[in-house]
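Order of writing sets the labels: A, B, C, D and E. Residues in every chain begin at 1.
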C-alpha cells in the first residue's frame, strides 16, 4: 500500500478564490493510499516546502502530489524539496489546479470537482511512479570543429584556450575560408587578411589544436560526450613533415593555367599549388585532376625540383579515427552559381561578376593587386553597376530568404570602387537597404553621401552587351515606376548566399536537421541558437544561415562556451525521462519481438538492435536497445511498439493508464 | 432537467498544448470545466490504445492536441502521431465508432485563446451529440472514485 | 492562394482579380523587375509594377485609374515580366483580366479604343468564319478604327505574293463555334452579376 | 510512315503561306505524314484572352478535342502564338477542373488531355534523324536564331528549353551546317501583338532585334513563328524607318532552312513570297571578341591580362 | 505448374541448398494442408492448384520449422509479401530462406535471393482488387449507425479464440499485448467491449504490415469478415501516404493530410 502525501496550495487566493482547497484536501484524505492531505496558503514558500519535507519524514511518504500551479512553474522546486527530505524526486508529481482550473473557471462546485479529479489522477499516477536517477554519461574532452573558416577558427581557439583539445577538419588545402578572400571588411574597412592571418597562424601553432586540412568527415557514430568520428585525410601527394613550403615546385610546375579557386577563377594556379601565399599550412597539394603526371603518366618536375624530396605520388587517403565529446559545425556557405542568372548573362559576359570575384579584384593580394579592372580587357571600368538581391528574395529562383550580408558588402564594394576610381560612376540597384547593425546604417549613408554612390530602388530585368558596353535594364520605382537603362562597363551581382555543397549529406551523417535550403537547423530559433537537435553538436556561422563576420564570431564563441561548459565536468547529467526497452527473465529475455520498426521512427536515431546472449554467450534473440545518451524522451517509439516492450520513464504505460482510469 | 455535461479527456503534449493551456490560465480566459488534461511529453507518445481506453472509461469525447507541424519539440513526434491518427480515425469510423467524438488540434504554447476555443467548441459539439451510451453500454463501467466518494 | 486572401476586402479590384484568375497583387513586393524588362514600359501610362502598387493600395480612385489605364491595352503578352518575376506574379494574366474588366465596365481608355475594335473585329471573324480571315479582318478593323489608309498600301504586294485570300476559309461546324461564343458570353454576364 | 497530327493555324493559310508550304515540303522528304486536325478553328490569339478568358481556353480547347479524335499523341503546331495558346489552354484544362467542365459544356465535347502540342523546334529535334541524312546542300551561313516570346514563355507552361538563353534552334541550325552566332536578342519581343494596331512601335522593337543580329555578323535570321516573320520581314519598311538605315538581311523560317539544306527548290519552299529578298550578305568578320560558350562557363574563364601564378 | 514446383523442390533438396521445402500437400478429404518435404524423393507429394491459398509464411517463424534447417517455401504473392515484410522486420536473413515464387499470373518467378524477392514485391505494390474495394466501399456507403450495428453483430460472435492471430504470419510477437496485464489494455472477457478492443488493436497493429492474404478471415471459426478492417487500412495507406515506405507508421511526410486537425 502506498503512503502518499497530498499538498493543496491556495496560491494566496489564486486558487482558493474559485476552488475549495480545504475540500480538495479533505476529499484526497479519503483516497486509498493517501496518508497525509493538507492545504496551505503558499506551498512554494519556505514554510510550505518545510511542511512537505517534514511530512515526508514523519509520515514516511513514498509519494507526493503537490496540487498547485503548472509543473512548468514549480516542478523543479518541489522535486528538489522532496530530494532534500530523502525522497526520490521523481516520486513527486504536481497537479495543475491553478492554470488549468482555478484561473479558467468561475467559483463553482464544478470547479472544485474538476480540481479533485486533477489531483486524484495525479495521486493514482504517483502510485505507479518509480524512483528514477539522473543519467550520467562520461565525456571525452576533445572537440571536433568542422570547417576552418572564421567561425571554425574562433570556436577552435576559444575551446583550446579553455584548456580542451580540439581537432579541426577543413575540406580545402588551407584554413581561412571565405574571409581570407575578402578585401576589406565593413563597416570599418579594415583589411580582412590582416585581422585573420594571425588567427590562422595561432590555430596552426596552438598546442591544443590538431589541424587536418584537405580532409573531410567520413562518418560519425555515438552520442554526446562519446562520439566516434572517422576523418578522411585526402592524399596531398606531399609529405608534410619533409616539405618546408619553399614553393619551388609551384613555380616550376608546367601546368599553370588552372583557374584559381581562391581567386574565384580570376587568376591562375599551377597543378601543384598552395591556394594563396598566406595559406595555413603553407604546404602545397597536387591537384590530381590537373597534374600531367596523373593524367599522362609523365612529368614529375615537382619531384625533381623538390629540395627535400617531399613529393609522394603514391600517397593514399588516410582514415583517422578520433574519440570526440562535442562537435562544432562551422562549414560555412557558398554563393549562388552562374546558371541561376541567365537574364544577367553571368557566365556569358565576362564583365558580369559576382561579389566574391569583386573582393578578389579589390584585394591587394588579388589578381590585379587591388586595382579595379574589368576581367575582359583589363581596363578600368568607368561605370559600374552593383545589383543587390541577385537571387536572394527570389522565390522563383528558390531562394525566398534575404542573404543578409549583401546590402553591406555592396555598399562596401561601391565605396572601394569610388575610392580607387574617383571619376567613376557607381550605381546600386536595391530593393531595400537592410543595414541593421552597429555603424552599418552610417556606413551606407557614407557611401551615398560622401562617395556619391547612386542608389536606385528597383530590380534589374536584363543585361545585354552592345558595343562593348553592358546595357543594364532596370527600373526606378521611386521615379514613377520608370524603366531605366544604364550603360555599364562592369556589373557586380550580389549573388545569394546558399548552403554549402554537401551540407545535406553532412547533416545526415551527423543526424542534424536542416531547413528547406539545406542550412543546418538550430534547436530553438531564439533560446538555443547555437545548439542542434542532436545533443553535443553545435553550430557556428553561416552554415546555419547567412551571417556577417561579427555575428559569426559571436556565434562561434557561443558554441565554444557551450562546448566548454559541457567539458567542465567529467560526466554529464540528464533527466531520466527516456524510453527503455524491457529486459525480463528467460526464456523471453525481453518482450521485444525484434521487429526493428521503432528504429526508423526515432527522431534521434537512438534505437539500435542488440543481440541478447544467454549465460553461455549464445545469441538467443535480437532486441531493440535505446541509447540513453541519445534518447530525448518523446515516446514516439513507446506508442509505436505493438508489444509494449518499450516504456517511457516518468510517463510509463502504467502511470498514464492509472491517470486515465482515475477519471 | 440539467444540461448534459459531457466528460471529455484531453491528451496533450507537454511543450505546446500543455503550455498553451497554461497560457489560457495566465490570461484568465474562462472556459468550460468538462475537460481533464493528461500530460504526455509529445503527441508521438499518444498510443491509439489510450484513446480507445478513454471511451472504455466512459468518456463522451476525447481531445488530442499537440504542436503544429514543424514546431514539435522533438522535431517529428507530431508527424508520426498525425499518420497514426489518419489511420486510426478512418478505422474507427469504418467500425462505426463515432469519430466525431475525437477532436484533433494543434495548439501552440502561444495559443492560449485557441485552447479555450478548442475546449468550448468540443464541449458544445459533444454536448450536441449527447452521451456516448452506445460505447458505454458495451460493458459495465465502474464509476470513478470521485463520483462515488466526492459527489 | 485563397489562404493569402482571407482578410482582404471582398469588394476590391485586387480581390476580384484574385478570385477570377488566382493572381494575387499582395505577392508583389515592388522590386520593379517587370517594369525594367517590359518592352512597352515607355509607352505605358502605368508600368506593370505601378499597376500592381495601385491594386495593392486599393485607395479611392486608384482602382479607377487602373481600369482606365492605357497600359493593359498596350501590353504585348510577351510574358517577359512573368518569366522573370521573383514572386511569380502572373502579370499577363492580370492584364487580360484588366482588359476584359474595363471593357465590361465601359471604362476603356480612349487612346485604346482602336485596340478594343481590333480585338472585337478579330473575334467577330472567328465567330462567323471559324478562322481568322485576314483580309476581312484587316478591312473590318481599319473601318472600325478609321485607320483604313495605313495598310492598304501593303495589300496589293501581299496579294501578288499569294498571301492574301479574297475569300475566307469557312469551317464546317460554324454552329459549334458560335455556340462557344454564345455560352462564354452568357457565362460572363452571369459572372458579372 | 510516321503520322503526326497537324494544326496549321490561320496565319499559315494566309500571310505565312510559305511556312506551311516549306513544312509540307520537308516532311514529304522526311517520310512523315501530317494529318490535319479535322475542321479546325482559330485559336483566338491574341484577342480572345484579352477580352474573355473562358473563350480563350475554349477555342484552343476545341482544337485539342478535335485533335484527340485522330488518336495521335503529338500535335505539331508551327505557329508559336497558336502553340502558346494551345499549351496554355491545355495547362489550364489540366489544372482547373471547374474550367474544364465549363469548356466541355461550351464545346459539347470531351477533353481527355491525350494530345500534346509540340512546337516546330521540338518536332525537328525529335525527328532530326529523318533529315540529317538527307542534307545535300549544307546551309553554311552565319545565322541568328530568333526564338521570340512564345516558344519559351511562360516557362511553367511551355517547359521548353532554357527560357533566357535557349539553344535548341541553334543546335538544329548547326546540324544543317550553319554557324549560329551568339547574340543578345534571342527571346526579346518583336511586338507582334501590335503588328496591325501600332506598326510604328513594332518597327522600333524589331529594329533593335535586326540591328543586334546584323551587328553580331548574322547573314540570316531564322525564325519559328509567323508573327515574328511578318514583323521582321513584311514590316521591314517600318524597321528601316525606325533604325534610320536600310537592313537587307533575310528572315527565314527554320523549315525553309531545313528544306534548302535538303536541296528542295526555293519556289517549292515559298521563298519568293518573302518581302525581303532572300539574298545573304557577305560573311563579316565580327570585331567583337570571341566569347566562351555559356554552357561551359559555370566558372568564368579568367582573362589573359590578369593571368598570373600565386608567386607572381 | 505443379510439376515445375516439384522439379524445383527436388533440385533444391538434392543440391543441399535447403533442408526442407514448405508447400501444399494432400490433407484429409478434399482439403490441402501444409507439408514439409525433407527428401528429394518426397517432392512428388507437392500440390499446386486452386485450393492452395493458405499463407505458409507463418511456418517460417516457427521454432520447429527453423530447427529443420534452411527452408524453401512455395510462395504465392501474399507469401512473397509476407516474407518481404518479415525481412524488413529483421525476422529473416537471406541465408534462412529460399523461395519458389509463383506470380499472380500463375507463373514460376525466378527469385534467386531475398533481395530479388524484395524488388519483385516492390514492383508489384499491394492493391485491393476491384471486388475487395467494392466490399469496403459497400460498408463505407452505410451510415455510421449501420456500420456500428454491422460490426457489433459480427464481433458479438467473437469467442476470443485468437485463431486470427495464430494464423497470421505477421502476428509473431513473443507476447501479444492482449496478454499484457500491467496495465490491462484489452478487457479480458469476450464481451462486446473486449471483442471490439481486440479487433481494433489487431487491425492497428497490422497497419502498414498486413499483406492481405485473408488468412484471418479463413481461420475465424465464427466467420467474422476480419480482413475488411485490414483492407480499409491498406486502402487508406495507399490513398494517403503512397507506396514508397516500407512501414508507413514509422515514416511521415511534412505535408501529410491534416484536414481533420483543428
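Worth a mention:
Here is the rule we go by: a contact is a pair of C-beta atoms (placed from the backbone, for glycine too) under 8 Å apart; a residue touches a chain by one contact, two chains touch by 3 or more.
Keep in mind the model is a prediction, meaning the values are calculated, not measured.
Taking the definition of touch as given, a chain qualifies here only if it contacts chain B and chain C alike; those chains are A. Taking the mean of each chain's C-alpha atoms, the chain whose centre lies closest to the overall C-alpha mean is A. Each chain gets a centre from the mean of its Cα atoms; the one farthest from the centre of chain C is E. With respect to chain B, maximal separation of chain centres occurs for D (centres as means of Cα atoms).
Across A-E and C-D, the chain pair carrying more C-beta contacts is C-D. One finds 50 Å separating the Cα centroids of chain A and chain D.
Separating the CA-averaged centres of chain B and chain E is a span of 34 Å. Mean C-alpha positions place chain D and chain E at a centre distance of 59 Å. Those residues of chain E in touch with two or more other chains are numbered 177, 185, 249-251.
Residues of chain A in contact with at least two other chains: 343, 601, 640, 653, 657, 661. Shown for chain C are the residues in touch with two or more other chains, namely 80.
Touching pairs of chains, sorted by label, consist of A-B, A-C, A-D, A-E, B-E, C-D.
In the complex of the two chains, the chain A residues touching chain C come out as 343, 389, 393-397, 431, 457-462, 473-477, 480-484. In the complex of the two chains, the chain A residues touching chain B come out as 27, 30-31, 70-73, 96, 98-101, 103-106, 108-111, 113-114, 116-118, 120-121, 513, 533, 577, 601, 603-604, 632-636, 638-640, 648, 651, 653, 656-657, 659-663. By the touch criterion stated above, chain B contacts chain A in their complex at residues 5, 7, 9, 18-19, 21-26, 28-31, 33, 36-42, 44-48, 50, 53-54, 57, 59, 73-77, 80-81, 84, 116, 144-146, 149-151. For chain C in complex with chain D, the residues that touch the partner chain are 20-21, 39-40, 43, 74, 76-80, 82-83, 90, 92, 96-97, 99-100, 103, 114-115, 118-120, 122-123, 125-126, 130-132, 134, 138, 141, 145, 150-151, 154, 157-158, 161-165, 169, 171-173, 176-177, 179-181, 183-185, 187-188.
Of all residues in chain A, only 588, 591-601, 609, 622, 640, 642-644, 653-654, 657-658, 661 touch chain E in the complex they form.
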